[in-house]
Amino acid sequence: MTEHTRNTATNEMKVKWWELPWLRSFMPLFGFIAIIVVFSILTDGKIIRPRNINLMLSQVYVLMIASMGVFMIMTVGGIDFSQGSILGLSSIIFCWVSQRSIGLGILAAVAAGAAMGSFNGLFHVKFKIASFIVTICTMYLFRGLCKYITTSGPVPASVDVVALNQTWLKVLLTIVVLSIGFFILHFTRVGHDLHAIGAGETAARFSGCRPDLTKFLVFTASGAITGFASFINVIKVGSITGTAGSQLETQILIALVLGGMPISGGAKSRFSNIIIGTLTYSVLEKSLPMIFPVSATQQLVKGIVFLIVVALTIDRKSLRVIK
Amino acid sequence: MTPPRFALVAYMNDAMNRFQKNRFFGLIVLVAMAVLFWAFFKILSPSNFGTGKLLVSYLQTSIQYAVGGCGLYFIVVMGLFDFSIGANIVLSSLVGVLLSRQFGYWGLVLGCLICGTLIGAFNGVLYSKLRIPSMIVTVGLMLVLESVANYVVALDTSGFPGKLTSPNILALNHAPWNYIVAGLAFLSVVFILRYTKIGTYCNAIGSNEYVAKNMGIDVEKYKFIGFVLLHFFVGVMALLTVSYGKGMQAVTGMSSMDRNFKPLMGTFFGIAFKKYGYPVTAIVIGEFIITMIFNGLVSLNVPTTINDFVTGAVLLIIVTLTNRGRIGSVVK
Amino acid sequence: MKKVGLLVLCVLLACSFVFANGQGEKSSAAAKKPLIGVSIWSSTDTLGSQCKLILDAAAKALDVDIMYVDQGHISEQVTASAETLSAAGCDGIIICNSASAEMTSVINTCTENKVYVAQFFRAINQKDNPNEYALALKSPYYVGTVHENEIDNGKNLVKILCDKGARKIALEAWEAGDATFLLRWQGYKAGIEAWNKEHPNDKAVLLDPQYGGTTSDTGRATAEAIINANPDIDALIVAGGGGDTLVGALAAIDSMGLKGKIKVVSTDFLADLDKQLATGGMAAESGGHYCDPLFAFMLVYNTIKGNYKTSTNSFYEINFPYLYVSSPEDYAAYAKYFVDDLPYNADELREMATLSVEDLTKKAASLSIQDVQSRRSGK
Amino acid sequence: MEEQFLRSEQLNKYFGITHAVKDVSLGFHRGQIHGLIGENGSGKSTFCSMLCGIYSISSGKFVMNENELTVKSQVEANRSGVSIIVQEMGTLSGLTVAENIFLGEEDRFMHGIIKNTAEMNKEAQRLLDSYGFSRIKAPVMIDHYSFEDRKLVEIVKATYFNPQVVVVDETTTALSQEGRKELFKVMERIKAQGNTVIFISHDLSEVLEHTDCISILRDGELVVTVDSKDVTVDDLKRMMVGRELGGRYYRTDYGEPVSSDPVLIASHVSVPGQLQDISFTLHKGEILGVGGLSECGIHELGKAVFGASYGRTGSVTLGNGVAITSIPQAIKSSIAYASKDRDNESVVLADTIGENICLPSLDKLASHHLLSRKKMRSFAQKHATLMSVKMTGIDQYVSDLSGGNKQKVVLARWLGRGSDILVLDSPTRGIDVKVKADIYALISDLKKQGKSIIMISEEIPELLGMSDRILIMKDGRINGEFLRSQKLGEEDLIAKMV
């Protein structure tokens, strides 16, 4: 059978000009630029008006930070649907603790996120359940807690929190988190381990990586990162209702895919996927209402644009079996 | 080197090894679980939980999700997934409601089923033609279908957008008709899995796509068929759901996603008990258990907000006990 | 192969663009017309679509551009919607937020971008959210709020129920922790207390709420669960949720053959309410509040026009009345003026736009079936 | 004797540069069990895979009943009356036994779209009973049966439609005694029906006992076809070997003393179902050959030493007494491992050459846990060129390389790591002569540098040519030990293997 798999694999390797690797890696960027251009024209320049940049980006921070965690998970070939619930729950934790001290609050939120992430990791790694299944279960689990806690009303954060809702702060934090991530992924062995595990877990194991441990840590880290994102979420929203963070997981998935992230993970996943993807997503998100007054139309266009961009930019070579 | 497991898990393990050849083992486990949960809540609130009459009403609630779960089984068993079923439920039932205004039952039933099936075919085509992973392509389609539903409901000129109003087409929202429809659906799933190639091939593809190809199975074709079947049964689910709730509203902003997961839970049961040979039974009982938990919580006067938590936990435990990879196997 | 698929997609996209320009041509010539943004939980469900109707009518009458963003009452999306609308260059925004704390971010956004904002269906409670309240006072861009007196509404409904003989009342809400629901809940509880004070030897009880979501099937499932768990209830309050929850709850009672045995009250008008009232499916109903956003719209519109002045130490507050319907006749009248037709026609809307705040407030307070009747019959 | 109803004519098969089957013209008679023997890599499996449409034919053809046999897939082969029982697992879990037996052949139970499952199960059960496997129940999920029973199901699947030719490829190694008996019964039956069995096995006595005639392959060439009754096991062994050792690229030195200080001691190593109580010592500068048949545990031995086996008992310690328990630690203790399953266990296929070379050495390349791209690239570049890997650049993906070059990448990474103990499992498997020579040269070179090597191989000449000492394994145990000497011949080793 192995012989067969190799044959089929090689048959797929007819290199067409648009399959050239260097071109491939730029595809998402082109997609991004194309979208910017098209929508600037359609909105007669509204979206690139300097006054608006700030507004255009307002949503991106939480998404971008959280995406970084999921990026790591997807690089090792997993997937995480519990992100939204994690954000919601750790936001609540933050709100509680922030009453005492904001600093502590952040720590608590990160810790809570990490705990939830490691919970995912534990079940995925120890019991060898597909991450897809585990995280859908935990999505419910954490969301349930969220709703239960907020039954008697939204959980308010300390009053001074909202004062922190400054663009410069959010930008700064995002940059800090991203650069830490970038640094770790590029200048320590972590990044290489992730790529290797995603590209071939067994081989990676025989080359001295610890797939199980790494995966567990990745889930934990991703949880922690989202926990931190919850801080930015709260300073924006001020209080947390049961629905906080809903659909974040889907937004992240869409964003990363728009950014050119191979769904099967592996060596072809690039850090730039996060940035380009989340930017593209929020540009879409923000500019569609400007063109289409009706929400249904906005969404129709969003869906189709998404499909087109993906169909054009996705790298089919890296997936042998398309699941 | 072997990963440590809970004693319980280990116990389940050799229990399975012992009975594994017993064809009724899986069934026994399922029923045992159902009874367990029933007993649990019964003890906690003897008066207002789990009497025969109530159990029937729990079943009535659960069957619609079970139908969807059965449909989802075709896809999930092949390792694919579909996020657009929620959107499809909304769209199909709206089409059904719209047509029911002219054609009564025929409009409703055919509207839901045909619309559902067509969407399935559409998904299948896009999936195989664009060669994008199903998880991604269906997210896009979910966005599209959701918004289309809004245009459909806009066509509804009567004062009651998306509502089943005339009482003469409500037979499906109570016994016996809802049971009959659901029953037919279940039977046909069993039939397809047992008495056609499709079932065999779906399992084969799920087990090892390359071997399946080598055995001369047209994988692409059967994936497509899988999508069509899935959405046909989603159409049935739409029919039941819209009748059950007497109406359906168009939504935006991915809210239809929530509708994906209730059926999916049943499917997890089905997958978990696949190797005992009766996924459908597993799905039905699974959904029943979930509904029972929900009602149990209410009967304890626990705010239903905790429901998601319990459901998630129970599901996780069951999945953990039933399907785990071998040592050293690669699990994504 | 995949080119075929791509082609399909592109065609679809093209279509949707064309289609969009179909009803989007207003936005093309957005030069002079004022643009008012609506941030609403959903412009498609029962209540939401009615709101959209009246707002579109108003926009048409006053020749204003209007755009909608659905935020599904998800906090971060509520705040984001304000940013989206400001970015889109709206001159004013009317918003229905989910939790008061969100208003901080919303108001700040609007202040930064010099966009007027008014709330509808919602108000910032001075006691519970002093900071938000202060901020609202301070901001020159926070125009004001239009809201119902939810507590009274709650009281009234309970009173109606108790008068009709209900003693054990179950409560089905939509989403946990929703600001409006919490207010209504207070009202229900207050109502029960009031009743028990008056009738110490004939007490009524209110069960804890269960949450049925905003779709009719979940609504029904939850209602059934409630009734199964408490077979002896004689009344059910469906607190709201846009109407579909209520539809489901009624379906449940129907299919359980308890129609008439369990009295149902709610705060969302049903399309087929008359039938329900006639057959005893519903005991009473408050609602008709879909005109609420209209007044918020008027506030913002006039502020943009400069007719209303905003100050840094106050904002306008309009109390919007609920209409109560407890008999088929009431409903027939209601349907005549509120369902088949809009309570205000184009001229009235234009005329309304010229009113002073005081008159507008009066106008709002005076809205009732009779009021519309008189206006119509006057012509 | 009647004419040959199936024959191959000048059959050739190339894998890249490797010439696996050379001009084989071989005929088969009806109603015979035809043995096919030869060392690992002598081309017998390849030959049959071509017959069954698993591999494509490079040149030449099969002729069956006087018309050419052109099959693209196993199903087609079955249709034209050729079937194979393969080495690896051929049954699909998640299907019932019956479904497995009739997979791809459902049509005979279809009435319109309806599949008569009852009939199918009945038929399957009938077949199983007729084979005497009544304990296997047709409607039960295959998952519930042991590897052995699944094998039996496979036998049924391959033979129920009484094909004219059935290939039994090393199936016996997977079976217990009873299993084998069952299999031989089946073979006799097929023969009785006037059809032909092509029987591939390493167990020569088994072959001799059950076949009518035997063809011997060597290095992809047909040596001779003999009648089983005329020969003895020893004759067969002689015919299998009888080749001058490819001295042109093996070591030529003999009798050089090997230092006696141990660098690696394995004592009482066992792995459930794979290894039983293995103990040996590896000395500095020694090349320790480990030989045996594919299934006898030699490959697991490598994993066990590298700390990669699951559930290993016993101990593997370095000369300095450090115990090896996990892969990372093995690597730290400068042990290297090149697996037989190169694509899954050695190289990360879907990653670049550069990454692959650097992966095990990351900790060495890092200066206080920080890596510099430049350093890594130069490192990878250096070792890739040292091993003269044919590549467009170190950013090329490994999946595009040939077997030989992949192996070079593997060696490059470990030499880069500077490992002192190299465990090389089938280092020259599927590699062309040129690269083979390079690798042998490298190995002797490493020996000179004082590195110790465990060379696991299924190719006897390689073992004889390269090793200072040879361990022969059988059924998971060490079954013989030989010191390097010219007198040592292949038959000595084979005698211990089979």
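Worth a mention:
Every chain is named by a letter (A, B, C and D) in the order it is written, and numbering of its residues begins at 1.
In this section, a contact is a pair of C-beta atoms (placed from the backbone, for glycine too) under 8 Å apart; a residue touches a chain by one contact, two chains touch by 3 or more.
What you see is a predicted model, and the numbers here were worked out from it, not measured in a lab.
The chains that touch both subunit A and subunit C are B. Each chain gets a centre from the mean of its Cα atoms; the one farthest from the centre of subunit D is C.
By number of C-beta pairs in contact, B-C leads over the other of B-C and A-D. With each centre defined as the average position of its C-alpha atoms, the distance from subunit B to subunit C rounds to 34 Å. Remark: subunit B and subunit D have CA centroids separated by 44 Å (rounded to whole angstrom). Between subunit A and subunit B the centroid-to-centroid distance comes to 28 Å (mean Cα coordinates, whole Å). Each of the following residues of subunit D touches two or more other chains: 54. Residue positions of subunit C with contacts to 2 or more other chains are 2, 5-6, 12, 43-44, 70, 72, 176, 211.
Shared interface positions of subunit A, defined as residues touching 2 or more other chains, are 1, 4, 147-148, 150-151, 202, 242, 247, 295-297, 300, 304, 307, 311. The list of touching chain pairs reads A-B, A-C, A-D, B-C, B-D.
Here subunit C touches subunit A in the complex through residues 2, 5-6, 9-10, 12-13, 16-17, 19-20, 23-24, 26-27, 43-44, 65-70, 72-76, 78-80, 83-89, 98-102, 104-105, 108-109, 113, 129, 131-132, 175-179, 182, 211, going by the rule given at the top. Put simply, subunit A touches subunit C in their complex at residues 46-47, 51-52, 55-56, 58-59, 62, 147-148, 150-154, 156-157, 159, 162, 165, 233, 236-247, 285-286, 289-297, 300-301, 304-305, 307-308, 311-312. Interface of subunit B with subunit D (complex): residues 1-2, 20-21, 23, 77, 194-197, 200, 203-204, 206-208, 211-212, 214-217, 274-277, 327-328. Against subunit A, the residues of subunit B that register as touching in their complex are 3-5, 9, 79-81, 83, 126, 130-137, 139-144, 146-148, 150-151, 208-211, 213-214, 250, 252-254, 257, 261, 264, 268, 303, 305-313, 315-316, 319-320, 323-326, 329-332. If you check the complex, the residues on subunit C that touch subunit B are 1-2, 4-6, 8, 12, 42-46, 49, 70-72, 77, 176, 207-212, 214-222, 224-226, 228-231, 242, 244, 247-248, 250-251, 255-256, 271-272, 335, 339-340.
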